[in-house]
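Please find the structures below.
Each of the two complexes below includes subunit A, the first together with subunit B, the second together with subunit C.
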Partner chain A sequence: MLAFFAKRLALTLPTFLALMFVTFFAIRLVPGDPVEVRVGERGISPERLAQFRHELGLDQPVWKQFLDYVGGILHGDFGTSVVTNEKVLTEFLTLFPATLELGLCAMIFAIIVGVFFGVIAAVNRGSFFDHTLMGLSVAGFSMPIFWWGLLLIMLVAGQWGLTPVSGRIDLIRFYFEPVTGFMLIDSWLSGQKGAFSSALSHLILPTIVLGTVPLATIARMTRSSMLEVLSEDYVRTARAKGLGTLRVIGLHALRNALIPVVTIVGIQIGTIMAGAVLTETIFSWPGVGKWLIEAIGRRDYPALQGGILLISGLVIFVNLLVDLLYGLINPRIRHGN
Partner chain B sequence: MVTEATIAEAKPVSTAPSPLSEFWGSFRENPGAVAGLIILTIIALLAIFADLIAPYSPYEQYRDAVKLPPAFVEGGRAAFLLGTDALGRDTLSRIIHGARISLFIGLTVVTVSIVVGVVLGLMAAFYRGIADVLIMRTMDLIIAVPGLVTAILIVAVLGPNLTNTIVAVTVVYLPRYVRLVRASALGELGKDYVIAAQVSGVGKLRLMFVTVLPNCLAPLIVQAALGVSEAILEAAALGFLGLGAQPPTPEWGSMLADAREFIRSNPWIVTLPGLAILVTVISINLMGDGLRDALDPKLRRS
Partner chain C sequence: MRKFQRNMFYGAAMALALAVSAAAEAKTLVYCSEGSPENFTPAVNTTGTSFDAARPVYDQLTLFERGTTNVIPGLAESWTIEQNGTLITLKLRKGVKFHANFKPTRDFNADDVLWTLNRQWKGDHPFAKISGGKYDYFADMDMAKLLKSVEKVDDYTLKITLNEPNAPIMANLAMDFMTIHSAEYAETLTKLGKLELMDQQPIGTGPFSFVAYQKDAVIRYKKNADYWGEKALVDDLVYAITPDPTARYAKLKAGECHFMIAPRPADLPEMQKDPALKVISQSGLNIAYWAFNTQKPPFDKKQVRQAMNMAIDKQAIIRDVFLGAGQVAKNLIPPTLWSYNDAVKDYAYDPEKAKALLKEAGVTTPLEIDLWYMPVQRPYNPNAKRIAEIMQADLAKVGINAKLITYEWGEYRKRAQQGEHTTAQLGWTGDNGDPDNFFFLRGCSGARAGGQNITKWCNKEYDDLLVKARGIADQAERAKLYSQMQLIDKEEAPDLKIAHSIVYEAMRKEVEGYKQGPLGAHHFKGVDLK
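Showing the complex of A and B:
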């Protein structure tokens, strides 16, 4: 087990290092001088410019800059935004809970609905419901989610007026200091009347939009793995013993059918993170995805560099965790190559 | 029932059914795949003959007909079948020309991915050692980062335009092809026919591209079909974020971005380009599923 952990870690560390290398040099390829961007259009004296360069370490050789950069990261310094003058890590950590809340809700939504529909489709294989559902899953899988979001805003928020259009909570009516960063929990803790339901209603559409692609994938996966399990001997045995259908499917079959689904859930984390960029942009959700896109618009390259590194690092880290967990659950993975 | 007479009458079949007819017979059984193929053919024809079919130029602005709804809705004009956008450009013409751009992106991305993927994948499989490690670790790095984030980084560095969109999306999807080619090539390498070829003195390049490669093609074709739809989606997402094709190019994603501000007042401008993306991607995916079932029975879904 320890060897398995060590091996996975050994594979991940070079990836992190390469990631730092790529983001560092990619950003240096951007045309335009970072100092001049910071100085603005008015310009300053050459002496001041040289001083600026020195402060930012830009007069050093590139390899030295890279080593300093890596050293900084190891000390938790991901650079400073040239627009807000705020530490990139601080900005990221302030915004990240919003992304995490949205991502978690989308994943929970996708798992519950996806598994539920996948099981029903498998049990009623070949039925009208099964065909409809598989057709819908192709559509969900093919969905341009940025358009899906606009469509839902148009219908649910605009036409029917059921949910708000953007943001995390009604900022005019409610204000409270963030405690956990999760709006659902914070609004609950604030004790203000209606705050929780406001936060919840803001979350519904983004959750659906972000959860759509994983939902389609999970439903498909659950269906096919359930079909496989349903033809196993032990399911027949359970039926022969006279157990009720619900018990056979829910307890005996589903437990084993879910094993491959767990892997899919792990793989979907990257999809969720990429989808968050689009979803947050559509719903003005103040998370790291929207922040990243805005950093490009403002030519805030330190923020872009740090943001990409942090987001990617996080996805790699979570994937590593999923891998390790999977090894823990499934001995075949642990002892395989 | 089979009688002796019928056995006697049966002529010996000397040739197996050609791979193509066998493939078609299997593909035809899947109604979704056939539907996908038909729709995709129509879209492809629209894209190829866009100049002839589109009623107007995608760039021409009709100032007297701004933000019109489609002709079949109240307030629409028969002259503009699917209405016009905020600058008075004909939506139908822009969508038809957009099909050209999207299919071009999809096909270019997949073609480049296959060519580069085959070369890198075969190199990794044949030369092993340091080449293998370098290639595969690079691919692992690309896979580890969420696709859209990689694409955003590339476009942010190179600048937002159509060419760089293609570059970015190609980089994002390249690892799949490399991995696929490498894995299937490694699977073939130990087989007798490869060893026989090696023993008979076939050169390394010939062995790679003539002997082994044809046997790795089936999964590659399936991946390529699905890859077109993914490339179209990814490129449209970049366009929507303002990081892809720039206005006034009639790219579906950037058309949606332009239309965003009219989401309340003119829902049609927002609805139609997205519908075009969805229909195209669905038809490619349906067709890809059929291809997979027909080409690779091992992968057949239950």
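Showing the complex of A and C:
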């Protein structure tokens, strides 16, 4: 098991290096640099332009900029935003709890609903339920997040008034100092009546929007995995023993069917992070996704590089954990080792 | 230091909590803004988003009267201009308090003005390099070139000596970059070794004091009960940062905010029908134009430039590209700006006459020209490429084949300023509501290679009037000169003036007293909720 862990860990290193390389150069391929984006119609004198470029280190050869950047990261320094002059890591850590809160809620929503739908579809294979749920899952999987988010805002929040439109809490009624950065926890800690339910209601729409794609994937995966398991001998044996359907499905079939689903959940972390970029923009959710979008517009190289690297690092780390978890829960792998 | 920050926060929070409990009916105005500020010091920023975030907290020496570009007294209660416009003596307002978020021991005085100016002007100022230290507006308004000296005569008198007469300077002093900071607050932060807080936890003299900011989420302010001028009518002001215009509209409809910035043109008809909302509009302080390089044939000939003006159907551009959020421009300045000459007669769309004029000028058709268009959307131009295509079709009708060209935005401006184009689209957004801030665009000093007059047109009569107007303090006198300049400009036609955009703002019916300003600023001090 330890060797397996060491091997997986060693594999992440080249991934990180490649990531650093790609983000660094991809950003520089986009026309316009932070100074040019800042300057408007008035233009800028060549001296001032040269001075700004020098201050930002943009007058250095690109390879040197890259080496400085890698050197900085090795020292734990992700650079300073050229727009806000704040440390990239500080900004990231300030905003990340919001993304994590939304991502976790979306993931929990996707797992619970996805597994439930997948099991229902598998158990009723070929039925109307099965066809409808799987049809919906294809739709969910291919749904453009932007469109889906705006549709829900206009219908659920705007037309029917069932949920708030955007943001994390009712700004008129509640005000408290963020303690953990997680609005659900902070609103609970604030002790203000109604704050927690306000925070919860603000999470509904973004959770659904961000959770839709993983939900669809998990539902399809659960269904096919369940179908496979349901045809196994031990399930037939369990049935033959006279066990109830719920017990057979819940205890015998689902437990084994969930093993490949765990891997899919790990991969979905990446989908969630990618989806967060759009979801946060639509729902005015102050997380790292929205921050990155703004950084692109302003060509804030350090924020973009650092932000992408930190998020990717997180995705890699979660996938590593899932791999390890998979090794733990899958007896074939465990005993194989 | 953390303790200091925390104390500041709790102080503000407690005050807010007390205010809320004291007045159960405390009024909170929520403004759905479009983004996060870079920080709260306008001098180091260039975006309207950042300026709007600082505006509730600060004042300037002079102010723009709400809803206009008229310059009125601010922290300077009066001023005299002498020695042919080169010596300005400012009398500062007494008894003005800085916000009590830190413990100020004195009122506002001349030291605060000097601190503010010197930070941008003198490289050795202890705060010069804080928050990036780029003072774009101070540089762009040529302040370093204009200012000879600024002297403190006494605590409430300042003498500003200029290198040359410059009437617009009083408007410059009302601009956001001239927001007055507290020198005493700077001292406190210096002692604490936390200089950057100057720009992150703003202390000013404005109608609202800063309470808290959560990046990308919310900015909170509360009413400054000690404000020297017209006091705020709401108790709390909240900026709910909402970047998506559809979400802003939905929030406005749901009552989650009272006022929103920049509605989508497509949403306007529905908004205007909604009895719970009201929509106001005003032409923006900007101009989109199509510049002819007057140093390159055949655009060195006046008739050719006039023919171009007759060949383009501007109404079609307004209809198809601006989708109603624009108006045809005939002068460089928009009609909301003083000195606008409405007597100027624009060239009518007349392809036949255009052809005749081209023939008269000796131009043989088909004529091949370059037509540059910006690769980006600008406040004055929603789609330069689409405009270029419409122009291309119109030009074909008079025998001109226009080749559409664009470059990356930074490169585009650089090349156009070098004069590499034959014709190019560009535009301008006004800074300070002074006509000079528009007319200088066609001045001779900008016509050099690399200068911002991309028509490269240098007309002595026009330029003399431009320079003369700068030296006159009397607005009516200056307006006469500017009226004349607009006539010269129309006759000489160095460009085709396409449009001024129309800026819309939407709010709930209960919002009262909001005045839309031509400068695009959002001020909430005279705004109430009924």
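The criterion applied here is as follows: the second predicted complex is superposed on the first by the 284 of 337 C-alpha atoms of A that agree within 3 Å, B and C clash if a C-alpha of one lies under 4 Å from a C-alpha of the other, contacts with A are read in each partner's own complex, and residues count from 1 in each chain.
As a convention for this text, a residue touches a chain if its C-beta (ideal position, glycine included) is under 8 Å from a C-beta of that chain, and two chains touch if they have at least 3 such contacts.
Just so it is clear, the structure is predicted and the values come from calculations on it, not from any experiment.
In the superposed model, A:G158 lies in contact with both subunit B and subunit C.
By the touch criterion stated above, A:A121 is placed in contact with neither subunit B nor subunit C. In the superposition on chain A, contact of A:I111 is made with neither subunit B nor subunit C.
By the document's definition of touching, neither partner reaches A:L205: not subunit B, not subunit C. When the shared chain is aligned, no partner comes close enough to touch A:L102: not subunit B, not subunit C. Residue contacts after overlaying the shared chain place A:M273 against subunit B, while subunit C stays out of touching range. Of the two partner chains placed around the shared chain by superposition, neither subunit B nor subunit C is touched by A:L133. In the superposition on chain A, A:V82 makes contact with subunit C only, not with subunit B. By the document's definition of touching, of the two partners only subunit B reaches A:E228; subunit C does not. With the contact threshold set out at the top, residues 31, 150, 153-154, 158, 281 of subunit A are in contact with subunit B in one structure and with subunit C in the other.
Listed in rising order, the residues of subunit C touching subunit A in the complex are 9, 13, 16, 28, 30, 35-36, 38-39, 46, 131-132, 134, 136, 139-140, 196, 212, 214-218, 220, 238, 240-244, 246-247, 250-251, 253-254, 256, 378, 408-411, 413-414, 417, 426-429, 450, 452. Contact residues on subunit A toward subunit C in their complex (touch as defined above): 31-33, 36-43, 46, 48, 52, 82-85, 91, 94-95, 98, 150, 153-154, 157-158, 161, 164-168, 170-172, 175, 177-178, 281-284, 286-287, 290-291, 294. Residues 11, 14-15, 18-19, 22-23, 26-27, 29-31, 135, 138-139, 141-144, 146-148, 150-151, 153-154, 158, 224, 227-228, 270-271, 273-275, 277-278, 281, 292-293, 296-297, 304, 308, 311-312, 315-316, 319 of subunit A are the ones that touch subunit B when the two sit in their complex. On the side of subunit B, the complex with subunit A involves touching residues 32, 137-138, 140-141, 144-149, 152-154, 156-157, 159, 229, 233, 236-237, 240-243, 253, 256, 260, 263-264, 267, 270-271, 273-275, 277-278, 281-282, 285-286, 289, 301-302.
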